[in-house]
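The two complexes that follow have chain A in common; it is paired with chain B in the first and with chain C in the second.
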Partner chain A sequence: MEAHAHPNYVAIWVWLLILALFSVMITAVPMPHPLMVTVVFVVAAVKAILVALYYMHLRFEQLLIYSLALAPLICLAVLLLVLLPDIVYHP
Partner chain B sequence: MQREATHAVAPAVPVPAAKLGMWWFLASEIVTFGGIIVAYLVFRLAHPQWLEEAAHLSVPIATFNTLVLLTSSLTMVLAFAAVDRGDERRVATWLALTVALGLVFVLVKAYEWRHEIAAGRVPGESGFWGFYYGMTGLHALHVLGGVVVNACLLIAALRRRLEPIAHRVEMAGLYWHFVDIVWIFLFPLLYLSTH
Partner chain C sequence: MSETSGPQAAHAVHPAPQGFVRRYLFSTDHKVIAKQYLAIALFWAVVGGLSAFLIRWQLAWPGEPVIGSGLLPEAFWDGDSWLAQSLQYGSIPAEFYNKLFTMHGTIMVFFVAMPLLLGALGNFLIPLMVGARDMAFPRLNMLSVWTLAVASVILLISFFVPGGAAASGWTAYPPLSAVPELSEVNWGQNLWLIAVALEFASFLMGGINFLTTTVNLRAPGLSLFRLPIMVWFQCIAAVLFMLSVGPLIAGAVMLLLDRLAGTSFFIPSGGGEPLLWQHLFWFFGHPEVYVIMIPGMAAALEILPVFSRKPLFGYRLIVYATFAAGFLSFIVWAHHMFQSGMDPRLAMPFSITTILISVPFALMVFAMIATLWGGVIRFPTPMLFALGVLGVFIMGGLSGIFNGSAPADIYIHDTYFVVAHFHYTLFAATFFGGFAAIYYWFPKMFGRMLNDTLGKIHFWWTFIAFNATFLPMHLVGLGGMMRRIANPLNYDFLQPLQPLNVWISISAFVLMLGQLVFVVNFFWSLVAGRRAEANPWQANTLEWSTASPPPHHNFDTIPTVYRGPYEYSPPGVAEDWLPQHRPLVGGPAATA
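Our next item is the complex of A and B:
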């Protein structure tokens, strides 16, 4: 682990709270369902990335650790992609 | 760094063994939760009527629990920062808060379950409730596991015996933040995509 200053953990926490409340409030705004779902999950992804990069220190880690986090995510994306046609083509 | 001194021989990989082991474990955890989430997504897309089932869940309670778990990630990472500074008393304070917030999360979850079960919303009712109890149950067990580990570290800190195992606070933190990230996705998956 390289010597690095700790990020501003409290500022990250404030962002996480703002994003969490934002994603709840956005569901009350009238908009098409697919758009709302997209916004909600983009916000969730941003929160997860903030936690992983700053609280789990992935930002300061080496490629080896990065790949341990990314490889299973790629597997999951593939899993979802091969399963989805079952839903799309058999309504 | 003092952590590298724990290697008896020169490490083959430039990462402390504990951290490498923890990330391997987390990689397997990503697939465990990810597999269930992918299965849920496929079933959910195939059953539009689950929307009405999901609408029974209480968004305010889940929002409260989300804030509790996000805050517990902050207290956990502050415990780690205190370890780096060698401030053992602060480590104990932040760990105690993390344990308390973890327990609050589980108690609120238990209250929610009780409420749903009393209303007859049990796994056999529809596939949605099977996934709901399966996913939140597995996650709550992970929170409980983290609470136990953090409580052990807290006891060590209170007895002033944390120093030789202080790097475990970082490892426990990695796990705790992972459990937080799982909830970050379970929250919209189960509660928010209903309207």
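Our next item is the complex of A and C:
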């Protein structure tokens, strides 16, 4: 196992806090609902990617690891696909 | 990985910690942690069994005072103790009955089956079977068992808070579970959600250890396809758990917010969608039953070759089949929801995937039978329980075909047929698989043998009483008796079934009584059992190459592995077994 520099976990944590605060505060800004939902989801995705890259060390692993990280994404896609008819188009 | 460097090196051997607290309470030794899991599982098994006793009492003799309650004076029942409040003059009120079946399911699935089959077996066996000194992350391992202990305490407290324990079923469907006024349970349900979420966190940490240890700490020569099936299955179970539990942890937090913070994720009056919870629950719930089941199957698959003195039939095929089952388990969950009002277009695809998933499990069953074929079969207690897994699991699989196809399921959904089905499958894995494992690995865990005569009495008692209990339950279910009703006598069409209910209850009591044989055997053998040698069953896997019980550092020297784990009765060898670590002159090289 090759050595690698440890990321600055505290800095990542501060970034996560800032982003969380941002997604709460953005709801106070008047803007169209779909836009706000998009912004909140983009911020959530950025936070998830930060956690995966640094806390889960994906950034410091070989490319093969990314193929493993695909599995939960596929699960998520299946779950959402099956949820759609029940949640979105429900009368 | 050589023996002179890396985490397996001799300098990685630490002396065993001294002092009771470091040694037995806050231990980082995987063997001690496994025993802690075992203790937690056995404690909860008693509580879960008692709840089953009360459930069956109520179903056979609804409203009658529970046997023995007459011994307590009238004044006690007028008091305001927990027991007096729960049982009204000794009989079971409907509200308390709801708590009983809720907690029975929760306890048996999350706090008995998982700690026993993953916590205890996985922790004890994985490092020993891969030839490692301990888990890859010993402190994380300690954290996982103590997180489970905290979850256990929270769940235990929930019985005694005002309003009592959760009462919305082990599946906690909203809106019943989301609105406190509906089930008249407030903090019991909140604590239930917290306890279950903590339990999930605990097993996530455990799973990380299982995978990391297996990937990184294998002994030299131990290639992936030389791993015992138990290690494979524990790792597959860990992956299934990891991939499925996330949505439900999120769901549990959302449900908690619905209850405490006024959100409406699942409450229709606020615009929420109760079906979302059912999807999230079963997206986890179905892989979860395989998380429990496959380590139980693995115990049987480890034991059958040892006592047939034959190699396991179709080793690679079993591994591939389990991968396939694991993959399929993520696309079958809506078969729990055929009657839920979900989009009916989902019924057909989920019926098809459900029937498909029986193929890999049938393959496993055939591999078990083929392993026995032509073997020199002996019948010590672990073998009897392993055969019990095989027999009972076939029954459970057959009834599963009816549940899995939507047209049939519409008639039997939510009846005792389903109850019979999942007891045949999960009982097969948890009870028969768990007992097979305990009888088989007890000598390695505690250095003494369990008494074989008592073990055989225990097996036959359990096997007969189990079938007497759950086989008639299919009939009661086909007769239309619904799950989770407190009093079958309230329904005219269930009156003719009442004698069967009484029979089932009496059989269940006999089944519970039979477990006393095991309790006596366990504690008696712990102090006075015959001392076990290193390899009492003449088995091949690495855990039998070290002392019973193993020293703190597991292996004095890390063994080198020369072959697969199931080389029984190999040609050209004097004995009928050939341990994985024994070099043969002119045999295959160590570096496969």
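List of remarks:
Methods note: the second predicted complex is superposed on the first by the 70 of 91 C-alpha atoms of A that agree within 3 Å, B and C clash if a C-alpha of one lies under 4 Å from a C-alpha of the other, contacts with A are read in each partner's own complex, and residues count from 1 in each chain.
Throughout what follows, contacts are C-beta pairs under 8 Å (C-beta built on N, C-alpha and C of every residue); 3 or more make two chains touch, one makes a residue touch a chain.
Since the model is a prediction, treat every value here as computed from it, not as a measurement.
When the two complexes are overlaid on their common chain A, residue A:Y55 makes contact with chain B while staying clear of chain C.
After overlaying the two complexes on the shared chain, residue contacts for A:L64 are found with chain B alone; chain C is out of touch.
Contact with chain B, but none with chain C, is seen for A:A20 once the two complexes are overlaid on the shared chain.
Using the contact criterion defined above for the overlaid structures, shared-chain residue A:V82 touches chain C, although it does not reach chain B.
With both complexes placed on chain A, chain A has more residues touched by B than by the other of chain B and chain C. After overlaying the two complexes on the shared chain, residue contacts for A:P72 are found with chain B and with chain C alike.
Shared contact residues of chain A with chain B and chain C: 71-72, 75, 79, 83, 86-87.
Residues 1, 3, 6, 9-10, 12-13, 16-17, 20-21, 23-24, 27-28, 33, 36-37, 40-41, 43-44, 47-48, 51-52, 55-56, 62, 64-65, 68-69, 71-73, 75-76, 79-80, 83-84, 86-87 of chain A touch chain B in their complex. Note for the complex: chain A touches chain C at residues 71-72, 75, 78-79, 82-83, 85-87, 89-90. Taken in their complex, chain B has these residues touching chain A: 1, 3, 13-16, 19-20, 23-24, 26-28, 30-31, 34-35, 37-38, 41-42, 45-46, 59, 63, 66-67, 70-71, 73-74, 76-78, 81, 84, 173-174, 177-178, 180-181, 184-185, 187-188, 192-195. Considering their complex, residues 242-244, 246-247, 273, 275-276, 279, 283, 330-331, 334, 342-343, 345-346 of chain C touch chain A.
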